[in-house]
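Both complexes shown next keep subunit A, but they swap its partner, so subunit B is in the first and subunit C is in the second.
Let's turn to the complex of A and B:
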């Protein structure tokens, strides 16, 4: 390609900028709780690089918008403006608005909309000046002052960087009338003086119609290597307070941007950033693999039995390297759950303010790594649970005080490993599940017939039923009909499950258990006729051989058998999947008791072949979804085996019976 | 492939395959590879002409029998039976035919519309016909071969919707 299209860099720019926005948001939230100047700097840097990128890559609307935000941040950075709640609020909305702009940029839509224009006006007003609508070019020129006092004190090492203070002074002199006053207080005694270091400082008075940016531009290259302050000669009047106050009111723009974002991100092909250490270890492993292969290659030329042990060693090595390689490659897909947790400080802050509750958010185990696919899909269920916990779980401050608890409710998000799974817990110290309300609601919905003798566990289970919501008032936070059933279904689709534990008055704990990865599962291969199916190990309870008389037929063609005091239906896999030449008599085959969604069934197969790890391949990529099948895998001989979707199979069985 | 044909800008190449004594052409740009018949893994709840899936270097690829697809009787698979792997719209699928025979060059004006009669194949899967010497070649529309699957996908989606209703 002889021409380089700038569009090819857009994706990288978007990704980096969205990361920058995340960083801005996190820093703003930290500032809200009282942070230091470094946070302001990091916010400023993020805004600055977005502005620069937007201008470079042809998004002038975004650049001019960000410029306003940057100007405001600049004032804060220079200490000309104290950081306060309205400013943080305004900047947070700026972040939301920018996210909206990025979504529109990715969708190829115009960037500016009414929301962004009005926010831009507000930012400009906060900076202390009005800009005429639509004339952004003129506005981009900052206000000038009649003169400036510049404190310029280079760090000792500045000269080593090739920067000459004299040149800077000359440049300043070219801007206007310059009065220079050297500060000699740091010059050491002659015997201690290192001539390669800079010991001088200057106080400069520059008069003339010079903009602050013009002065800052002079110092652009030495910014990090000196202490610099630029103060106006005449004190600038503080910006009108009402302008900032007015900002807090309209919140609609942010919400609209949020919905646009979810729409745009759904068609994103996605990419992963991988640490260089992970890549290096992969390269090492591949090197090992090549060596092993060369070693094994020797046996092709000459082999006699005396070298059998060498061959065995080589094969063992090959197996070891392959396994490590597999783990490392999977590791590339693993990302810390912190990237999902990051959104919660903001969410909790906004929600608690809206509801007038006081919430302290604790996050533990942000570094726990999860498969990227799982990570992407776990976000929404977690948001839902966090919203629920704040909306329904935690009480208002006065209620908490009355109950003898601290006014500030605690919400804890914790992620950790347990066995081969990742566990995410959402713990609140609120009122706990309202048992009576749930039972009343379930009776009303006809989910249960009587409230007698229902265990706490069952009550917890009820809230996962479709269409269940006990919120007396439907707020826009929760209770929109999509409820806990969707949360459960999403988690189950990921191969995990949700459990709930609640104590009245002491709080509720949701425990989400997720598989480490979706790409590889442990399975048992089962023969049905001359076909082979993989049954995921996690859903297997037990496999048993049944005598013929253990099976009861019921009207309608169903079959039941007794297992640990309960009657379970039998699903004959060969009937369900239409396999010919399978064994028909129950006593000739095996029944695998499997469980999904809390339902147990007995899966009738011919025999078990063995346990194996299965790399899950999609059927949908080239074909379509098949009921009762969750995917396919490739066996050792290169042929394809299908993986049974237990939950789907149970649903299928239910439907067939109903039909 | 003669040089004179190659100089023709508006020409395209077709792989011709045999099916029940007729010759069909598949756009060679859609053909990924040709491989001998190997047994496939059957997929439950699939139309009868979908034989199953095979492992194509790690990708799971469905295979359809073109004879069954066109409502012809199924032949015993033998040494000349081949699977032609076709890519359409990013999706791969295999087509089992009796044999492959030739690669032909076609100028676009040599393509004639299919008369709406006479062939054993539903004309909806054909985009035209042409003659090479005294042989007639029917040109398959690879896109359309996949299309009925979309109808099935819709059906599957409806089933899934029923499913949700049943749960609710």
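Let's turn to the complex of A and C:
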């Protein structure tokens, strides 16, 4: 017999379900702003698919949890219950909880936890609570949601002892509504059966306002003759009231789920869903390439100069197709930034409710495409900036009114192309940076020595310093000491940068500039002896030629030069990487001032060759890891150039200094 | 006790098994024997129309028979089931397993 492992379908199930959850969330948020019945249907369908999938793929906890949510949605769908804020809130938390379950499922951990169990009870309570109102007959029996599960397995001798389970079950049935499920698994074959012995067992569900004692009393006389367990059908913890109250604290939970999610996605190799149109265009291009190749092939057989122009045409075609093919292949890794933006409506809603602020979220350019790796890593910094904007940027409604602005603050997320980069802007129309507070804080932290004559630009830059937070009160939203410096570092790690513009009273704009892809970088190629090194353009501050006397030697063998009022160390690339033929005198070569993590150094090279795009090849995969080198690329003449890892080089420099 | 069971082997290779009016633990041995015999033939018609009193032991016996007969691929049908038989089987969650006919008014 061949066995098909159902586990191979898990990944698809997870992906589809997470998409379903996204759709559910979007529809719920739309409902929150007054939607139509079709939204309810789409939410129901998503929940239903997840329930079905969970049951099929062996996640009973998830299936039973979703079942409760589905029951509630069913009531809404049938018009038995109006969709209101508490229900939307409850369903949104259900979405969060399911996401958590999927994370745990992917990590192979148990799905249910205290949070999911309590939410399940609340869903059940929400479903149950409404039943008495809708069905008048049930209203006569109070607390329909409470009940007991009784496992009852008589010992073999119970019948002979004169106690009949039939009588016990009748007594139970008199207490409330009894659902009986007989367990026949231990009944022996007729031939082997001693009819005076009992081999049956029962699982009983007793619903109604029944006390445990009342049930125990029924079994009082047979306690010694049977195995018995009595457990609450609905855990007693939350009484049916808390649907509204329990909703108060979802923001934190949502955030926690968010971090868990990104953690799970980072340790997974990942896959990309590619639109069929992209694949089709790739196939077309490959077809073109084959034709071009066939055309060029002719010249191998016979070639005379009269056909030179044909050859040139063919080569030009080949170049064009290759370039387009490269772009298309890159395009496969490109995903719309909308998939990151999607989380913000929910975030903004939760935050603004929690803070009592009114926020209108505008999102523009969701279709702008970004490299998948960049996309995955930009999510957290964006969340941080959006939180900051709502927490610190936008003012409370009364303050806004006093300042003559609309009570509703506007937060705009916009993504667009600019040159070879993607720009994401987070714009708020709040109070702007508090210049005085920032300067005071920076003085206190010793980041600056004097507040005099500091430009707005420099003030903006201060908030990116490690450990900087001006929030008067540390809220649990932002201002936990992990701040803008982390945002900047994350963005820089992606080869991008963050800029801030602020006008007092008019708002703040954060501009994140990101490379289109991590696979190609813009670099400056520099010659060092016979070698060529690529310095990433984003790290370069300036290139200068230094006179010999501008460089001071310091004890320990280091060299410093003065640059804009500061002394920067010089890193001689030829020493660093051992190029013997390089120029030795400072005045013969060039110093490229580069920056990473807020530190600047001067790289000494022979000369600059020019700016170029470099396709990054992994050095680790093809050779081994080298400190100070982030990768390699192949130059037009076929030789290999190494790409300098500026941050790594500066770390190396620091270590040498410390040693 | 009082009720006498009538079990006549059918001439057409089948059997009809009637149940006593008092079908309880004290009288199940006789029924056990009859049902064991009935396991060897098909089809079997069970007659529970006259059952007045019934208990868990009796129903367990019927469950075991019904299950074993099915395993052998034999046909078992009901000539009828009295209200007490039906009620007791339902109460124990066994009515479906026994494939009892719909409740008859006594």
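Assume the second predicted complex is superposed on the first by the 424 of 659 C-alpha atoms of A that agree within 3 Å, B and C clash if a C-alpha of one lies under 4 Å from a C-alpha of the other, contacts with A are read in each partner's own complex, and residues count from 1 in each chain.
Rule of thumb we're sticking to: contacts are C-beta pairs under 8 Å (C-beta built on N, C-alpha and C of every residue); 3 or more make two chains touch, one makes a residue touch a chain.
Just so you know, these numbers come straight off a predicted model, no measurement behind them.
Once the two complexes are laid over each other on the shared chain, residue contacts for A:182 go to subunit C alone; subunit B is not touched. Touch criterion met: A:639 reaches subunit B, while subunit C stays clear of it. Of the two partner chains, subunit C is the only one that A:196 touches; subunit B does not reach it. Looking at the shared chain after the overlay, A:75 reaches neither subunit B nor subunit C. A simple residue count on subunit A separates subunit B from subunit C, and the partner touching more is B. Shared-chain residue A:625: touches subunit B; no touch with subunit C.
Shared-chain residue A:513: touches no atom of subunit B or subunit C. Of the two partner chains placed by the overlay, neither subunit B nor subunit C lies in contact with A:490. In the superposed pair of complexes, A:654 makes contact with subunit B only, with no contact to subunit C. Those residues of subunit A lying in contact with subunit C across their complex are 159-160, 164-166, 169-170, 173, 180-182, 184, 187-191, 193, 195-196, 198-200, 202.
Looking at the complex, you find that subunit A touches subunit B at residues 466-467, 531, 576-579, 617-619, 621-629, 632, 634, 638-642, 651, 654-655, 658. Listed in rising order, the residues of subunit B touching subunit A in the complex are 39-46, 50, 52-55, 58-62, 91-93, 149, 152-153, 156, 159, 162-163, 166-168. Against subunit A, the residues of subunit C that register as touching in their complex are 25, 28-29, 31-32, 35-36, 39, 55-61, 63-65, 67-68, 88, 91-94, 97.
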